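What follows is a pair of complexes built around subunit A, which joins subunit B in one and subunit C in the other.
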Partner chain A sequence: MVQTVGGLEVRAKEELFINLEPLQRGGIMPAEARKAALSYIDGYSTCDYCVGTLHLIKKPPIANFLEEVAGFLGMDFAILTNGCREAKFAVVHAITKPGDAIVVDANRHYTSYVAAERVGLAIYEVESTGYPYFQIKPEGYAKAIEKVKAETGRLPSLVLLTHVDWIYGNLVDAEKVGKICEEYGVPFLLNTAYSSGRMPINGRGLKADFVTCSGHKSWAAGAGTVGILAIRKEWAEKVIKSSKEYKVKPIEILGCSARGSSTIALIVSFPFIKERVKHWDEEVKKARWFSSQMEALGDIKQLGDKPHNHDLIRFDTPAFDRIAQKHRRRGYFLYEELLGRKIAGIKAGKTKAFDLSTYQLTNEQLKYIIDSFKDIIEKYS
Partner chain B sequence: MREKIVEKTFDALFALEDLREILRKTAPFDLTKEQVEEARKVLAKVRKALDEIEREMR
Partner chain C sequence: MVQTVGGLEVRAKEELFINLEPLQRGGIMPAEARKAALSYIDGYSTCDYCVGTLHLIKKPPIANFLEEVAGFLGMDFAILTNGCREAKFAVVHAITKPGDAIVVDANRHYTSYVAAERVGLAIYEVESTGYPYFQIKPEGYAKAIEKVKAETGRLPSLVLLTHVDWIYGNLVDAEKVGKICEEYGVPFLLNTAYSSGRMPINGRGLKADFVTCSGHKSWAAGAGTVGILAIRKEWAEKVIKSSKEYKVKPIEILGCSARGSSTIALIVSFPFIKERVKHWDEEVKKARWFSSQMEALGDIKQLGDKPHNHDLIRFDTPAFDRIAQKHRRRGYFLYEELLGRKIAGIKAGKTKAFDLSTYQLTNEQLKYIIDSFKDIIEKYS
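The block that comes next holds the complex of A and B.
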């Protein structure tokens, strides 16, 4: 019988399965954060001692936390947003106007594009190198900026780089892109949804004017959604400007953003985040080992950066697709076989290619996953 | 009385989160002897909190 709560199936994915879903691995909360989120679960729980705006609240210590986060990211100021997408939109909306141009990478998250669309920008794209590496080369940004100049007679109003993309887990040399932006005098937004919180980030060192972060994706902060927008002080007046009527309310985040347990989760997870980014090299090592073991199974090819530099890994998997062609459950067989081995997170129906994350899994768990894939191949060969 | 019951309710809930953490870190394998021992310590905390709640309600 399925256990339910309030008529919904109880979600015990992390307790019963190894979860490989790249969207979820970096957002798994440590016990202390779950405890804190539980006690702050009610609406507006952060606002018992409201001082007019969320980012200035001292109890719970949101203001102090944001100061510390700004330093942690090598930036001057940080404010909370409802997510990374809202952080990106806040910047795009604050510093561009309809008809301006923006340069984005081809591996961008859709929300980067939509944020630009919402403001009415002309979107110029930096192409990837295509199959099988799909890399974004920093010099592509110089070409794209030149293209904007040639076609519009003006520089783009903003450059956006997806530091690590959501499809291939490619890590782009952000510092090189930052230098290009500096040379042209174009503001640089670094989307770190898949990097900050997992690996060390120094926004100033990377020459970023804005760093956007996802709490629920990479900072072990669930309990809702939450993001961080970190900025350099030169932009504070423009991006964190307040309403004329409501003096303490920053316009771009509509005054206050994540007003509840997700913010609490972010604060309580922070010591855990500061510690875990120190071990990023170990995560990369595990990801590379896993990738090599997958390819050794035969007829499986890792896409993206090689050697890989991130826990999010995408594979072309003809080995599984061949089985799917003959299996009565077709593409669903792999999902079901894995579920039977208590492995979740590979999307149902995917056998041609799939992505997964090895983030914070133990060597024992990773070996078990490899053995399970091997078992499945052997079972049907 | 109420303060004590509330405090012990949270103690029990928090201890159960510690138990959940053991399960999360070890999925999908059976618990080792050390992990079972750790889980027992957590259960003792939960029981202690529940006993104190019961005592308060007498």
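The block that comes next holds the complex of A and C.
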């Protein structure tokens, strides 16, 4: 029987399953953050002691938190946004104008493209190396900037790099891209939706002008959605500029953004985040072990960086696709076999290739997952 | 001793106090919504069964909910946004261009102005009638539109009306404004942040092209923030247009907006909302009774519509300001006297004038509040 709450199915994905969904593994909230979010769950709960704008509120300690976050990311200022995409759009909208050019990587999240499209930019792409590694080479940015110069007579208004992408979990050498941007004098936005909150980030060291972060994706902050826009002080005036009429209201976030318990979740999860990024090397080690074990099952090939540098891993999986071809449930068989083994998060219908995340799973859980995949292959062989 | 959760003070404003904060009274979540929001509190919890874009998801029943909401508001389509301000900006950004003119009312929320400013519009204002009623007369819109025509040679690209404003709680005759817009052929955005979710709204009847709503302000949906943008079908193509590259991702909401438990809160609170709007006349009755009782205390004057048509009420309060002048705590005395009587939500330091909301308070609670104000006046007389 399905258990319901308020007419909806109770969501107990973390309680009843091992969840491999890369979108969700970094957004699982620790108990303290869940409790605090519930305490602040009513509308405008952050605004009991409003001082005119969300990011300056002292109680709850939003202003102090943001100051700490700026330091944590190696940047000068940080403000809250409704999410990482909204942080990207805020920058794009603030510093570019329709017809300008932007350079983005081929592995970008769709929202990087849509943010640029919403402003009306010409989008230039840095190609990946293609199958099987799909890497973004920093040198590609120099080439793309030159192309913009040649075709438009001007430099691009912004360069965007997806630090770790959502398809292959590839980690790009952001510092090299930062240096190229510095040499050309082009502002550099580093999208860390899959990196900050999981691994240590030093924006200044990477020569980033802007660092955008996803609270609900990688900072263990759910409730609604929430993001962070961290910037270097040189850009503060342009990007956090206030309304002419309303002096404490930054235009690019329409005054105040995540004015509710998602911000509370972000604050309460922060000590947990500061601790967990110290153990990133262990996460990479687990991911590499997992990848090698998957390939050892036969006819499975890990794509992207090799050795891998992130918990998000994509596999080509002919081993499963062959079974699907003959199975009465076709592509759905794998999803269902896994669910039966209490493993969730591989998208229904995917058997040719799929991505998953090993983030914060234990060695025992990872071993159980490998055994389960092995079991499924053996069942149908 | 202050109780804490995750290092933050536990928020128990609704549990320990009668809360009069107009920003918060319509965003208090019913128990079922709190429970459901907690069940879906992890990051991207709405996206377990993603179909490419948030507003089309079937499980949880987001698509179905939005269809119902469109009907409930008397509109053709509804999509989720991060909040009401984000819904307004989506419309402004989609249908106007820098240099265009917009007509707004003088009682507008600051975000209506900032949304227009962010796009670079020329902002024309419909004046209010000034002290003491501060009403927006629909005829003022015809005058403002004529002014735009005379000064720019073109019609404004958009007209925005604040259905119920945040300062005086005045309810404007939106249908008359809608008719004026229809006659001029100018699109009409109705900001219902303080009306929909509290009182019945029929967007089509009011001749609105766009209705923007605040989940956390008036639809009992907290968690993070969440809004609704409801539109007439004639505008769907322009306002919900998709990315050229990503066909299921609407540009103006960057693909997906409130992808977390704030949307769950909105869905689960909806049956409660449908029921409560039926009792709006009782809320108006309570507000009027409260206003008359306040004025009967002497040297207190209700501003705005009279008789009043909304639970948000603003008072000029020389009765309290006189006490403040002589009190060692000055303006803070009233805040502290009220807190001592377990009444919260009148801003600290306000004694010359303040606003409050009577929304969903019982007759007994309202009587207790009146008695408390009386008690405070007597204590210092």
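In the analysis below, the second predicted complex is superposed on the first by the 381 of 381 C-alpha atoms of A that agree within 3 Å, B and C clash if a C-alpha of one lies under 4 Å from a C-alpha of the other, contacts with A are read in each partner's own complex, and residues count from 1 in each chain.
Everything that follows uses one rule, which is that contacts are C-beta pairs under 8 Å (C-beta built on N, C-alpha and C of every residue); 3 or more make two chains touch, one makes a residue touch a chain.
Values in this document were obtained by computation on a predicted structure and should not be read as measured data.
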Subunit B versus subunit C as contact partner of A:364, first or second or both or neither: first
Which of subunit B and subunit C A:130 touches, first, second, both or neither: neither
Subunit B versus subunit C as contact partner of A:153, first or second or both or neither: neither
Touched partner set for A:34, first subunit B, second subunit C, both or neither: both
Between subunit B and subunit C, more extensive residue contact with subunit A: C
Touching partner for A:17 - first (subunit B), second (subunit C), both, neither: first
Touched partner set for A:185, first subunit B, second subunit C, both or neither: neither
Touched partner set for A:342, first subunit B, second subunit C, both or neither: first
Subunit A positions touched by subunit B in one structure and by subunit C in the second: 14, 28, 34-35, 38-39
Residue ranges of subunit A in contact with subunit B within the complex: 14-18, 28, 30-31, 34-35, 38-39, 341-343, 362, 364, 368
Of subunit B, residues touching subunit A in the complex: 10, 13-14, 17-18, 20-21, 23-25, 27-29
Subunit A-touching residues of subunit C, taken from the complex the two chains share: 5-14, 21, 23-24, 26-29, 32-45, 47-48, 59-61, 82-83, 85-86, 89, 93, 110-111, 113-115, 117-118, 215-217, 220-226, 243-246, 249, 251-252, 254-255, 257-265, 267-268, 271
